[in-house]
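Each of the next two complexes has chain A plus one more chain, namely chain B in the first and chain C in the second.
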Partner chain A sequence: MTVARPTTLDEAVDALAAMPDAQLLAGGTDFMVEVNFGHRRPTEVVALRRVAELRSHSTDGDEIVLGANVTYSQLQTELAEALPGLAAAARTVGSPQIRNAGTIGGNVGTASPAGDTLPFLAAVEADVVLASAGGTRCLPLADFITGAKQTAILPGELISEVRFADVRGPQQFLKVGTRNAMVISIACCAMVVDIDRRRVRCAFGSVAARPLRPTEAEDFISEALDWSALDAEADAVDRFAELAAGAAEPITDHRGTAEYRRHTVKVMARRALTRSLRA
Partner chain B sequence: MTADHNPGYAEAGRSQVDAAAEAEPAGFRLADESESYALRVNGRQESVKAAWLGESLLYVLRERLGLPGSKNACDQGECGSCSVFLDGTLVVSCCVLAADAVDAEVVTVEGLEPGEGLSDVQRHFLDAGAVQCGFCTPGLIVAVHDLLDRVPDANELTVREAISGNLCRCTGYGRILQAVADVQQERAGTGP
Partner chain C sequence: MTPQHVSAAAPFAPAAPQAPPRRDRKRSPGRGVGTSSSRPDGIPKVKGQFAFSSDLWADGMLWGRTLRSPHPAARIRRVDTEAARRIPGVHAVLTADDVPGEPNYGLEHPDQPVFASNVIRYHGEAVAAVAADHPEIAWRAVQAIEVDYEPTPAVVDPEVAIDAPPLHPDGNVFRHLTIRHGDLEAAGEVTVEGSYAVGMQDQAFLGPESGMAIPGDDGGVDLYISTQWLHVDRDQVAACLGLPPGQVRLTLSGIGGAFGAREDVSLQVHVCLLALRTGRAVKMLYSREESFFGHVHRHPARMWYRHAATKAGELVKVEARLLLDGGAYASSSTAVIANAACFSCGPYRVPNAHIDAWVVRTNNPPCGAMRGFGAVQACFGHESQMDKLAAALQMDPVQLRLRNALRSGDELITGQRITGTAPVRECIEAAVAHPLPPDAGSEGRGPYDPLLLPGGAGRTADHADVRRGVGFAVGFKNLMYSEGFDDFSTAAVRLEEGGDGEPVATVHCAAAEVGQGFVTLAQQIVRSVLGVDRVVLRAADTRVGSAGSTSASRQTWMSGGAVQAAALAVRDALLEQVAEARGVEVQGARRKLLTLRDGEVVHVEGRFRLTLTEALDGRPVEEVREYRHAPTMPLDADGQGDAHVSYAFAAHRAVVDVDPDLGLVRVLQITTGQDVGKALNPLQVTGQIEGGIAQGLGLAVMEEIVVDGGRIRNPSFTDYLIPTALDMPDVQATLIEQPEPGAPFGAKGVGEPPTISSTPAVVSAIRAATGIDLRRVPVRPDDIALGVTGSAFSAK
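After this line comes the complex of A and B, so read on.
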């Protein structure tokens, strides 16, 4: 087994060029579990913990740029003011220990249907920046995640950044699970109300193979909302919740049934929207 | 944890022993199992020889460096029993690749209090009866040190959130919370 420990992005992509099929190691909170249980037998690893460039983040200007190594703890503290919805999502991940180690790049790269930051990133229509020795390319998250734990990353590539346009307006994150801590979501919801573009955008986690955008529900409520008062009729809120639940593609597994998940989507859609409106 | 739990660990015994470089520089460097690597644990330089590079920091601490204070209950980051400091940050050592910790400062429960004595957190856990079977205790001690060093006046909600990743199946947490409050009082000089 070979472990590369680059300290710069250039060194990291060079290491990957030398070992294109190497496993990428960031916070280790998914990777090491699989190694510990013998489900993954890495022969080549590129460890990204030391790559300083990947740790930076910027919320200046119109674009938010998050380095792939930004941890959940950083999202929860340093970015709470700029990105309250993402900070709230980060706060629900695992435990303090997990949040100190786990990274946003890891969450995107693992692409679990239950990845807690993914609904927010889907709602803000984030781009995933992939770096390789040949340069960088940028893919919308919706194109990057191709299925449950499946992505469009190519051999020799690593996730360097996640970026998206800054959005002004209320943000919500809701998660249903058996506890408040250390829980993989049964279902979760991120909502971003873009008051400048007059658009409600939301996405649900753990109710489809990929983060689910209920576009019909979004179109409906974006049209139905009274944007000057930031208010909506009760009927419209109900209709929005119905449409969101109808868009879900949940499965039954050990964490919950498809019926329950669809029910939670309806409840969360209504709750997230209601919390975003001016009472 | 047993060797057959993970096929990778079985290989460690077969790999070639090599007394090569004890200290490894940080940076872009390839290493394979014929190499040794160095870890800095509790202020001491430790050498890990001829180990499978896929081993977790928890496994290396317990099985190779003779530091069994960090407990292995779940091996999947769920229970907090193996909590340690990695460069001053609280993490679960089962989710750290040991070979990726070579240039980090690792502090385990054994290293919290220099010398033979107990730290104030350890002492108050004993005094408050916050220890029953004891398996979760080392992880909780490390987590409570982390919290109280950062947030000395943490309220109960903050304490509960800070130890939410440390599972105790004996105490019901009541006496653990009491022990934390006792440490806070003593450190603030307001104790009995």
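After this line comes the complex of A and C, so read on.
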């Protein structure tokens, strides 16, 4: 097995150019589990942990930029004020050890339906920046994630950053799991209430192959909301929740039934909105 | 060759023996029986220096690996190991044809093949094993073995299995046990009926199966292994290897938990076969995934109950039908079903009982021993019924239980009278005496912590979404082996002068320390009996006689009894030795003139006082003793007989917060009163209670091996959930100390009762919070949120 351990982004993309089929290691909290189960048998690996420049983040100005190596621990501490919804999502990931190792770039790259940061990134309509020896390109998250654990990344590319426009307004994250901590989500919900653009955006995890944006529900509630008071009629909240649940495309697996998942979408949609309104 | 450990510390060596002060010291009052003496292996474990069996290492050793069936039921048409053998670095590939001795093994009935030869009976059954220079090569070799399976229909419903064509030459019904007690025509004024189900729980110990086998010069083998009973492993391994038991020598290695899952043979035969075939040391270490396939689980149960009582709340009759799914092989199923049946009615006076209990073979994963051993499943049934009965009687559920609580002298449904202690009332009263926790919003609680609401870190609930419930349950089970089993333990105690001139006692006992703390108790017992500070434990191995299994809450009583007996014999021999050396008169009477007090041999008339070192006078004293509990007898055709030795009781009250919309639960508090006889080490008892409650809570709300068509869907700690620190409630325990007649120091085993009634107490609390008639554990979120209550079993 060949392992490249670059320390700069240039070295990383060069290493990847030399081994275009290499697998990317960015925290290993998914990667190593698959190795241990024998599902992944890597022969070439580019290990990204030493690439310091991918670990920075910036919340100055109108755009938020998160380096791909930013860990869940960083999100939940360093970004708790700037991005409370994302920090809350990061806080629900695994154990402290997992949160110290796992990265946002890894979460995006794995593109698991249960990826905990993905609904938030979907709700803020984040862009994924892909770097290669040939330069960089930028893809909306919705185009980057093409299916369950499927992405549009090309050989020779790595995720260098995640960027999105700053949003002013309440942010929520709720995650349903059978255990009170350290659990894969049965379903989760991220919500961003964009006061400036008068738009409620939300996304649900683990209820579809990709992070689910219930656009009809968003359109409805963005219209129905009293933006000056940041309030809504109870009927409108219920309608919003119903529409969100209707948009879900859940499956039944060993973690939960499709019926229960759809039900939780309704409950979480209602609660996330209610919290945002009273916040 | 002996194995080296990766880390330096031997399992039970004291971390850093310090020379105690000489002569004028006070006798260690803080480290004998009844104190919370600290564990000899505690500090090494905390510091990561304790050598577990997974740390075993020998120069030049090979790595073993098992090939397991991907099918729950299949015929094997052909196994081709040629490609695997050709891989460089592969030293052996073994199949059923390579087993020289008995092809099958089993704890009670040898019905499980070492390697499947032509029939696969469960998902994960072993088909072949390899030994290679490196784990990765072993992995590749296993992938290279070609097995031509012809999948066959799997029988996965235990109700179907009873009458289905036999899955094994031994048939599908492991045991059908009936209990007919009292007047079967008796009728009550109030009757309640219910069906209940229990899912498949895993022991989920943290240290997966591991061990090392080293071929001996004599053609035998040395096996270093984590197990619950060295000698029963030895006998099964020797039979399969075709060796006399004396040529199979077992030494206990550091164990990371057991809970019943190490009672059966897992890799023992495989690793020895590989070592003997290759002439090399071979190590095997299961991954977490393989561990789920490599050991037995708790039996899933379907239960139907009908309780009849007077209007005043006196139990008149209990009828029950219990069906346990034993999976593919017998393991300890026949004993588990006996417990389920014997304790099916709970710790209550039940004058009339009509019980039918079956445990059957299916193509599901094999099930066997787990903490609580049959009593757990039954307790969920009988305690759910007691709640239902209380509701029908419009009676307080605690009062109903108090009214029917067993007392010493009462008769059980097996016709056996309880001759020992039975402080059921005291357990119940102690559990409910603890104050209830304050409301989340109330004063004095401090800042509102949303993490402590149902949903925890997921932050799904706000305070207004939550409803609180309180539930209660009582349970009991037998201590030690039952039904006429010749149950004994052996211990050797040696007292001698150490290198520094101070006395040192050495204990040699094959009792498996699985974390329960027998190593601490053995030291405490010897300190108390002999008054010696320094007590060293030799590695547990098969060079000393059997200690029996670390199961059935039995080692404190049995091996504690053996150590006590051996230590007393050492004391007597030492006094004899001193009497002879000092010319203390006449046989018989002279012993009475000498006594061992506070670590000194004292002449009662004041003629002399000797330190132990002086008394030993350079001559070590060693004694070996076997300890047996009072004999038991088999149950007769009506399930009647004095089948058990002693019983331990516990009561639990659970307080839960539930988010009914999402079906999420957080257990806030569990209070308990537990019958312990006498707490030999109160800190360790508390540890057992907290750990047992964690396991009981786990079964109540999250722990389940999901089996679908015979296949395990969640063989990982990602998806087999066990409670985290955030799931654990505040635990308040009251130890009920009523010394048990006949038990060494009056102590009862304490390991299992905390697991038995904590589960139904939690479920009872969830029912109280939600009003939903929950009939199955674990309770899943959708059971609450969508009102799916499960189970409609009535048997035949």
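In the analysis below, the second predicted complex is superposed on the first by the 278 of 279 C-alpha atoms of A that agree within 3 Å, B and C clash if a C-alpha of one lies under 4 Å from a C-alpha of the other, contacts with A are read in each partner's own complex, and residues count from 1 in each chain.
Quick note on the criterion: a residue touches a chain if its C-beta (ideal position, glycine included) is under 8 Å from a C-beta of that chain, and two chains touch if they have at least 3 such contacts.
Values in this document were obtained by computation on a predicted structure and should not be read as measured data.
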For this session: Check the residue A:Val167 against both partner chains and state whether it touches chain B (first), chain C (second), both, or neither.
Result: neither
Problem set entry | First, second, both or neither for A:Phe37, with chain B first and chain C second | both
Exercise. Touching A:Leu83 in the superposition: chain B (first), chain C (second), both, neither?
Worked result: neither
For this session: Examine A:Ile186 and indicate which partner it touches, taking first as chain B and second as chain C; both and neither are also allowed.
Result: second
Exercise. Is A:Val237 in contact with chain B, with chain C, with both, or with neither (first, second, both, neither)?
Worked result: neither
Exercise. Which partner does A:Lys175 contact after superposing on A: first (chain B), second (chain C), both, neither?
Worked result: second
For this session: Return first, second, both or neither, reflecting whether A:Ala15 touches chain B, chain C, both chains, or no partner chain.
Result: first
For this session: Could you tell me if A:Ala208 is touching chain B, chain C, both of them or neither one (first, second, both, neither)?
Result: neither
For this session: Please write out, lowest number first, the residues of chain A touched by both chain B and chain C across the two complexes.
Result: 33, 36-38, 180-182
Problem set entry | Partner chain B, residues of chain A touching it in the complex | 1-8, 11, 14-15, 25, 27-29, 31-33, 35-38, 41-42, 45, 47, 49-50, 94-98, 100-101, 180-182
Exercise. Residues of chain A touching chain C in their complex?
Worked result: 33, 36-38, 88, 91-92, 173-186, 188, 253-257, 259-260, 263-264, 267-268, 271, 275
For this session: In the complex, go through chain C and note every residue touching chain A.
Result: 139, 287, 289, 451, 454-460, 462, 465, 661-664, 666, 701-702, 706, 708, 713-714, 716, 718-719, 721, 723-727, 780-782, 785-786
Exercise. Hey, which residues of chain B end up touching chain A in the complex?
Worked result: 5-8, 26-33, 52-54, 56, 75-78, 80, 83, 89-92, 94-97, 99-100, 102-103, 143, 146, 161-162, 164-167
